[in-house]
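Some structures are shown below for you to check.
Both of the next two complexes hold chain A, though its partner changes from chain B to chain C.
For the complex of A and B:
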């Protein structure tokens, strides 16, 4: 079956539904971020609107970015390229669409419950038990769909993107259940210091075992396709894949270096944080050497452009992350906006960029029509890029002001007025990113539903 | 290496389980310090547990850590966190950000009425705060939440609360006995050495400008813009904030103002500022209050020692308000810039 027939035959409804989900929730998620940033700048703006108090807006922003925008965006691409790489059709498009519907119901449940003040109070594990169950169910359904597609494959050799997607989904289902302590529905938590150790084991693996593998999967698919060159090295893929699973899972405790936890556990987390350079560089060297000399082709394809930029962000965020795990660095960077900058480079700059790139890459292919507007997509690219870089600069400065002031004996309250200008700038950059999200949604909708262009060549 | 579906799924799961045992289960099973209560530990009362739930519901943990480190200063820094402090915390609320201060030892730092005013709108007591207002919770929940905050620090917090209650009863009695008795009591509690010390620095326009900045950042919420004790926090605070305008000719020395600002008045909503204001800032804000609200400053009067090197060449004691440089702001840039 040639690709054109396959497109006409299935129409990729699962992939389209994940695209819509991601583009829609990116708007809501970034709006919540903008709202939170505005509240830090003008704390009485929504005085006594309880369901939008900062402490409720922040977890909504974070959960929607993770589970509403980035993960569905990365899965949208996966549900397109997995069947193609395996020379077969998706095991069940019906199951896929049902998965997306449950996914969206879960997201609505997350927003409503968090706004109403129902939370487990643990970062990245805020969602209450019934919503947790929704998340577990959608990951299990995705896994069934993927693994059955693998089973029915027409291509014997499994490409590296397939490894990452299958492993990422099954490992996340496992760590999510463990990290949310789903066997204790009432609190979703352990007691005392072990709760912190478990929480950050899970919290870090949201990035290590979900966003990173799914993003790597997209990059390993899009970049060689866009530059029309085979992947640089199979050996590096193997090294990157296995070392990611081994190393990344050890490092959660670097969030607890300043907390009374066992010293040997801290040592493991620091050593492995530095060792993260192995999976990171194995992946990046592989991608970058594949693209070597072909940057023109990447620039020509908006999807590949997003993805390639995401890999550069991955380089920066990973090197920064390794350094932040060093106790002497962390004495300044912990507990302040430095970490918020780091998180934005990772989730928006790396995984978010790659999610957007994956969707732009597949949209013409799953709709059979060209992208509604390359111009809008380019504009979105620049807005997101300026946004990420702006966030990084502003919040890093804020973090350094806070960290150094505190370390020198200044109390938190006295440093606040110095941060005001930076919070205003940060909120303005948040507006830039929200506008980028709206552009992306509009472009996606027009491409899918009202594109009057000709059939893509 | 041939990557089969089994190799990928089973292989990665096996690795994950091995690591979970290593970095989650082994610490869970072997780290005994996390199970043995520390010497300050006590169990929470029902209302404190309820208050903790309100704290969790409203995401207080995103801006307030409960995790004091060896190199920390400020609120709670007298006690470095130990594993045994957290033995009853489910979930543990270490936090990852300090947009506001660490609260591990917040219990008893202020009396309840300060917290009520602060929850109504944090800018009532702390004008630069960026914390949201929590009046929407309603009085009952605010009271419950306050009970939780007052338990932070456990036995140490209980000691502080006992001290707050003891002095509150006395402070109320003194306040209700009328201004003369109240001021006599306030002055009497200050060590004689401090009462004898006048403000050692001469009154200058620049010093008054600096003092005004400190007053606006730290004092205005309770004592009000004209120093009459009618700031926005006043309705929630009892005994109410002191009215400076009735203090003339009551022998309020610079040393008395300095001591009260430095140490606060436990039992009342007046906090201590020695952790956030350095010496000169306290003298400056004290003189600002003396000059503008009391109209009775002893700055630069005897007894005083050798002039500090930087002091302006001023031989005369305080003899009225120097020209206040409102029209010539540019000549007197605020040391902090942004609020002028």
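For the complex of A and C:
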């Protein structure tokens, strides 16, 4: 069955709906980031607009990037390639579309509640209980759809991407429930240090056990197809998968090295943070060796170009993460903008890039039409890349200024004047990312809804 | 008292992982690895990719420079922390 026939047969409504969700919420999420960065530069800008103060804008930005832009983008690709790798149809496209609808209702609920000031006040877990339950429901629905597709498969061997996607969905459903303490709807929290441990168990896992496996799944599918070479080693990929499952779950406490959590827990988090080099390098060696000598093919395919760049960013963010877990490094780099730089390399540079790449790769296939504009996609690629590198440089400098000053006993307000120029630059870079999001949305909409012929079979 | 929650979760998580791993072992998920490498390619072929243009080559160089810049920034942080991260000055 050629691509056009396949598209006419299924229509891929779930993938399309996830694409639309991701592209739309990327605009809103990056606008909120731009707004927050502007408020850091000009704190009095919106001082009388209660629902847009920094304390509300920041959690909206974070939650929308996480659950509005990156995760739906990665799932859009997953709902396309999982049935193909399993030689079957998706268990239920209807269930998939219902999932996306509930997903968007949940996102609207998240934005409205956070703007109205309803928050549980825990970083990365700000959402109130009804919204939490919406997130749990959509992940459970995704899991049902995926696991039933696996059950109905025509191919007995599960390709590594299938492992990553199923694990990412089920692990997130469970760690989200636990980390948001959903059995206590009134507070969504435990008390004292146990709550901090639990929160960062979730806070780090939402990156490592959601965005990382979904991104790895996309890369393992897109890169071999784009370069038309078999995966370098499937055994190595499974080694990377299982070592990620074993190692990643323990490292959240490396955010708490400077607070009174049990020492044994700190030691485990440090050791496993450094041990992350095993799953990271297993993944990167596999992808890079698969693409070895085929960079021309990578650059010819805009989806693969995004994905491959995302793998390079993964290398950086992982090196940073392992370094940051060392106490001697963390004394300077933690609790300041260095961590914000790290987060942007990870979520936007790695997972965001791969989410965009996954969508660009599947868009012509699920619509049966060529991409509306390769030029716009290239432009978006460079804007995002320059934005990520810009964030990294600016926020790393700011972080080192803050970290060095505080480490030497300087008070916060005396350091602020030194940061102003960097905060202006940061807001400008935020504008670049927002423009990139608008370009991507326009390109995606035109590709989906304009009638510009069919792709060659 | 929070230990019961944590221990329960760890136990359940470990048990599920073990069950899935054993299922994978018994169902031959680790046995046919050579064929598994080709699974993404066993569909219709991609349209032929064009030859890399000069602009794309420039992009590769630019990407390489950005990568070097990122690596240098990370190395600088490590060196900075090792030199200045021993004891607070005051």
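Note that the second predicted complex is superposed on the first by the 447 of 457 C-alpha atoms of A that agree within 3 Å, B and C clash if a C-alpha of one lies under 4 Å from a C-alpha of the other, contacts with A are read in each partner's own complex, and residues count from 1 in each chain.
Simple rule for what comes next: contacts are C-beta pairs under 8 Å (C-beta built on N, C-alpha and C of every residue); 3 or more make two chains touch, one makes a residue touch a chain.
Being a predicted model, the structure only gives us computed values, none of them experimental.
Asks: With both structures lined up on chain A, is it a clash or a fit for chain B and chain C?
Replies: With chain A as the common anchor, chain B and chain C collide in the superposed model.
Asks: Of the two partner chains, chain B (first) and chain C (second), which one does A:190 touch, if any: first, second, both, or neither?
Replies: Both partners, chain B and chain C.
Asks: May I ask you to decide whether A:225 touches chain B, chain C, both, or neither, giving the answer as first, second, both or neither?
Replies: In the superposed model, A:225 contacts chain C only, not chain B.
Asks: After superposition on the shared chain, which partner residues are touched by A:331: those of chain B (first), chain C (second), both, or neither?
Replies: both
Asks: Could you tell me if A:249 is touching chain B, chain C, both of them or neither one (first, second, both, neither)?
Replies: A:249 sits against chain B and chain C alike.
Asks: Looking at the overlay, does A:55 come into contact with chain B only (first), chain C only (second), both, or neither?
Replies: Only chain B; A:55 stays clear of chain C.
Asks: So, A:117: does it touch chain B (first), chain C (second), both, or neither?
Replies: Only chain B is touched by A:117; chain C is not.
Asks: Applying the document's definition of touching, compare chain B and chain C: which contacts more of chain A?
Replies: B
Asks: Return first, second, both or neither, reflecting whether A:296 touches chain B, chain C, both chains, or no partner chain.
Replies: Only chain C; A:296 stays clear of chain B.
Asks: What is the contact status of A:85 with respect to chain B (first) and chain C (second): first, second, both, or neither?
Replies: second
Asks: Which residues would you name on chain A as touching chain B in one complex and chain C in the other?
Replies: In the superposed arrangement, which is not itself an observed complex, chain A uses residues 158, 174, 178, 190, 194, 198, 238, 242, 245, 249, 331, 407, 409 for both chain B and chain C.
Asks: For the complex, which residues does chain C have touching chain A?
Replies: On the chain C side, the touching residues are 2, 5-6, 9, 13, 17, 21, 24, 27-30, 32-41, 43-47, 49-52, 56, 59-60, 63, 66-67, 69-71, 73-74, 77-78, 80-82, 84-86, 88-90.
Asks: Which chain B residues qualify as touching chain A in the complex?
Replies: My answer: residues 1, 3-5, 8-9, 12-13, 15-16, 19-20, 22-24, 27-28, 30-31, 33-35, 56-63, 65, 67, 69, 71-75, 81-83, 86-102, 121-123, 126, 128-137, 217, 275-276, 336, 338-339.
Asks: Under the touch definition given earlier, write down the residues of chain A that touch chain B in their complex.
Replies: By the definition above, chain A touches chain B via 39-41, 43-44, 46-50, 53-56, 58-59, 117-123, 147, 150-151, 158, 162-163, 166-167, 170-171, 174-175, 178, 187-199, 201, 209, 238, 242, 245-246, 249-250, 252-253, 255-256, 258-262, 265, 268-269, 331, 335-337, 339-340, 402, 406-407, 409-414, 416-417, 420-421, 423.
Asks: How about chain A: which of its residues touch chain C in the complex?
Replies: The touching residues are 1-3, 81, 84-85, 155-161, 174, 178, 190, 194, 198, 220-221, 224-226, 228, 230-235, 238, 242, 245, 249, 295-297, 299-301, 309, 312, 316, 319-320, 323, 328-329, 331-333, 338, 345, 385, 389, 392-393, 396, 400, 404, 407-409, 455-457.
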